[in-house]
Amino acid sequence: MSKTSSGTLYRGREGMWSWVGHRVTGVVIFLFLLVHVLDTALVRVSPGAYDAVIGTYKNPLMAVGELGLVAAIVFHAFNGLRLVLVDFWKSGPKYQRQMLWGVLIVWAVVMIGFAIRHLSLAFGGL
Amino acid sequence: MSSEVPEPASKVDLAPGIGGGGEIPQFDITLRVRRYDPEFSEEATWEDYALTMYGTDRVLDALHKVKWEIDGSLSFRRSCAHGVCGSDAMRINGRNRLACKTLLKDLDTSKPITVEAIKGLPVEKDLIVDMEPFFQSYREIMPFMITKGHEPAAEHYQSPEDRERYDDTTKCILCAACTSSCPVFWTDGQYFGPAAIVNAHRFIFDSRDEGGDMRLEILNDKEGVWRCRTTFNCTEACPRGIQVTKAISEVKQAILARSV
Amino acid sequence: MATTEFVAPRSGRIDPKYNRGKSKSGNFEMLAWLFMRISGVLLVILIFGHLFVNLLVGEGVHAIDFGFVAGKWANPLWQFWDLAMLWLAMLHGTNGVRTIISDYVEKDRPRFWLQLVLMLCSAAIIILGTLVIFTFDPCIPGSTLAVCQ
Amino acid sequence: MQVHKYDVVIVGAGGAGMRAAIESGQRAHTAVLTKLYPTRSHTGAAQGGMCAALANVEEDNWEWHTFDTVKGGDYLVDQDAAEVMAKEAIEAVLDLEKMGLPFNRTPEGKIDQRRFGGHTRDHGKAPVRRSCYAADRTGHMILQTLYQNCVKHNVEFYNEYYVLDLLTVEEEATREDGTTYVQKRIAGVVSYDLATGEIHVFQAKSVILATGGAGKVFKTTSNAHTLTGDGMGIAFRKGIPLEDMEFVQFHPTGLAGLGILLSEAARGEGAILRNSEGERFMERYAPTIKDLAPRDIVARSMANEVREGRGCGPNKDYVLLDLTHLEPAHIDAKLPDITEFARTYLGVEPYTEPVPVFPTAHYVMGGVPTNIKGEVFQDNEFTIPGLYAAGEVACVSVHGSNRLGTNSLLDINVFGKRSGIAAAEYSKTAGWVELPENPVADTEALLDVVRKGSGTERIAAIRKELQDTMDANMQVFRTKDTIMKALADVKGFRERYKNISIQDKGKRFNLDLLEAVELGFLLDLAEVMSVSALHRHESRGGHFREDFPDRDDENFMKHSMVYKDDSAEMEGIHGIRFDTKPVIFTRYQPMERKY
């Protein structure tokens, strides 16, 4: 039986790549959330255990990880709003590309602000 | 005919270069085609062809040149050669397009131009895919006008505004460029696909048609419109410029509106 | 030279190559789709509020410890906030991963098992999280926290 | 080899084939065999419209339509057929509308109508709005609508099945006066499944040919690559005559070098033809209506400008269609698709630059002779029971020597429907005709020539030379010498054809093989066209002889009939017999065709 073509990577445009991004970030957030609920659940076990796990979040390396996570959430969130607009706003499909650029700009602004604040807190202690 | 058109002087001066002279630009390209013929090998291979082409040549002309002058076994579908029959959707430099509507000069000719079969449908040979799954989805949405008897004596009446409502989706030539560009369709091939939805849209929003509910029911299926993740590949691939994603959105809204 | 009974191979009469269900799913996919969008919008508020309070106010991540959490959950507003966030995010995420599994896992059996694992995990996490929030008692013996005084 | 049995087999799924299938499919066990997926058929390329005297926007009636058709065809029209067509046009349009075709609408919601070349009120007094249309995509909408209705009625399609042979048997029969003659009967067709390379025999009580035109005989053509006149070629090889094949319509405005059609609507909206000097040269040839003269006159004028050295471009081989004095908004509203063609294919911006154009082979007026029921004639006297033809492949002779714009979409609907009904009704009463001893013998032989050929000639090279010589010698100007040149060339090509080889040796999707077979049909048809043209010592409609520039009703008011006959020998041409058939007159006597 013949098979479907594999060949080169499809060169989709903004719409396709934003979808790839949305999917990947969605899964990443989901996996984090599973872990996050588990670690938060430790508050039921003992304050010591909770503080020990939370302590690892205060490690500068984790701070970078956290930054990535927040980046993922912020992108997923803003792009999610864009998707809602594409679906429910009459001119959404027409402006989907412009809206994606909007998402990316807002994302960058938020992330720069957050990164400065967060990293200085994480590394500098204040 | 239209009298408001000004009558031009019987003789005008043509801009230089229009009336004659001028070289026809000519350039060399490498056409890189994905070949596959299960009669001879299970493996698909890339094959390069060096060609000299002219200014107005299209990818279809390059393929013809290969078939007619270099290797007659290269197989692809084509008919009208000007973008109205929908035979020759293929992946050119990684994107779905009609070979007969893609001018070589609009591509980057310094690099090889890759040509391969559209994705998501079984490849039969070279650039030819099995179109049956595609037409199967098309047939499932009942792509014909449904009226509940009482035919008018002459024509059905329809206002120009009502006619305009579904104009965009009547342009579809069933080329499959959209469906085979859709990342959701590539996954398991069960999604109805944008083309089927476009053709359902054409009837759902036709004021004369009375079968809209049935079609909305069909597209409310788990392989229906809800699988669309608005990636817009379809809209960008459509050679007829149909606003495919928008049409899909309108069908989603219609299903929602019907349920509340 | 026998006349073969043979239906036209490429007309509507072929066996459907598609194994689409015969319209049994009702409105489930539509409701799931709608839920993704509504929960998404709500999550923006919930998650951003959460992140803001946890990571940016005061000393940020350094301030988080048992006492911080305990202090927050003493307030019913935050209790409700986190509960809503938990449920919405988990249902949203689970449904998202469900679509992803059905997209990429084509064979029925593996698809079924993966979905089952996903559902069980999610259910466990949701129940666990809910219990934690509701049964949380900050005043463990010897506590020095303000709420326990 | 597989054998299938159907009451009715339809060959071709363009407008004519599918219109027939909708009728026949509801009455009898029907199969449609088509070498293309139905929606790929060239009916979808038609832009302009479909005429019917609906009188939705102004006074009109079918009798005026009949007159215009007869006059447009330079009186070589069979008037009984023209009457049928004009009368049934109204129902044909309404049928399509009820099937769902999205016609453009008038403000009251009725089907809108617009003007089209040659269609007039009251026998030529003024232009009339008769053409029903759907933007500039009328053919597309017709094709889609018919396909949709075939899906609705569950028509059985055999897609990508190339029909390569008709199965006929011959019987002795007796006339009323006791004399005997040979009666052909149809037993079925033989086809080649492109996907597998297998041969399938279809036994059928009725067969309808609807394979479309043969534009690919010429180099510059508006026709699809797949319009290679298969149906005409197959019928001809079975001894069925071809009627009026010298009449080919050349559309004036094809994109230069490509042949892609720019609809007449462009000139209707005010576009002007210019030569390299910038002159509006139509003033010379048709001083009163200038650029809006009939297609054949405009095409000849353009060719003449080029011939006299006033062509444009590096090779001085085209003229210009100037739209630059029109408002861009007007162009966008009225001519969206064709301006897009100019932009896409020539990179010309019609707002600011004139578009290079040259006449392009467009439509074959001739074809397989039929009567108004669609029954195919085996000679001037008898039809072949069970064999029908409709659409461009057929010659009912509603177009005579020159087809009016919009009359072909009408033709395929009216006669497609008629032949569909007639074929199904016939199959209900008729018995099966025994298949010949070895039904696939001829087809295998045909394919073997190509498959086993180990020569050095390439199909594409021969085809290109054929098209070049037909463009040079058989286009809008013909003389005895050029026709003889074309015939001599074709003879040479035939010799070379025996020495071809193809590179694709497989069974799957072997289009190399089928292109070779199609070239065989093109060679036959080029020869038939040339022989017909050679015998017609007059100029009429699409056929213009510079050595006989006038119409000659006395000697040539008759149809040409060309037969394949291995014993025939005429003016040095072997194997082709030329004959004529009277034209049917009902109401109108020939008058000079003046515009």
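Note that the chains are named A, B, C and D in the order they appear, and that numbering of residues resets to 1 at the start of each chain.
Please note the rule applied: a residue touches a chain if its C-beta (ideal position, glycine included) is under 8 Å from a C-beta of that chain, and two chains touch if they have at least 3 such contacts.
On a predicted model such as this, the values are computed, not experimentally measured, just so you know.
The chain pair with more C-beta contacts between its two chains, of A-B and B-C, is A-B. Closest to the protein's overall CA centre, chain by chain, comes B.
Chain C has its Cα centroid 38 Å from the Cα centroid of chain B. Averaged Cα coordinates give chain B a centre that lies 26 Å from the centre of chain D.
Here the CA centre of chain A is 61 Å from the CA centre of chain D.
Shown for chain B are the residues that touch two or more other chains, namely 38, 124, 135, 139, 252.
Along chain C, residues 10, 12 each make contact with two or more other chains. Among the residues of chain D, those touching two or more other chains are numbered 151. Against chain C, in their complex, chain A makes its touches with residues 23, 26-27, 29-30, 33-34, 37-38, 40-41, 43-44, 46-47, 50-51, 54, 57-58, 63, 66, 70, 73, 77, 80-81, 83-84, 87-88, 114, 117-118, 121-122, 125-126. Residues of chain B that touch chain A in their complex: 34, 36, 38, 44, 91, 93-95, 114, 116-124, 129-130, 181, 183, 186, 189, 229-233, 235-236, 243, 245-246, 249, 252. Interface residues of chain C facing chain B in the complex, by the touch rule stated above, are 10, 12, 14, 16-21, 23, 25, 27-30, 32-34, 102-104, 106. Across the complex, chain D is touched by residues 1-2, 5-6, 8, 10-15, 18-24, 37-40, 55-56, 58, 67-69, 71-73, 75, 77-87, 101, 103, 105, 124-126, 128, 131, 135, 138-139, 142-145, 151, 154-160, 162-163, 166-167, 170-174, 203, 206, 208-209 of chain B.
Residue ranges of chain D in contact with chain B, taken from their complex: 36-37, 39-42, 44-45, 93-94, 97-100, 102-111, 115, 134-135, 137, 140-141, 144, 148-149, 151-152, 195, 224-226, 257-258, 260, 268-270, 272, 274, 276-280, 283, 292, 311-314, 316, 320, 322, 325-326, 330, 341, 344-347, 353-354, 458-461, 502-512.
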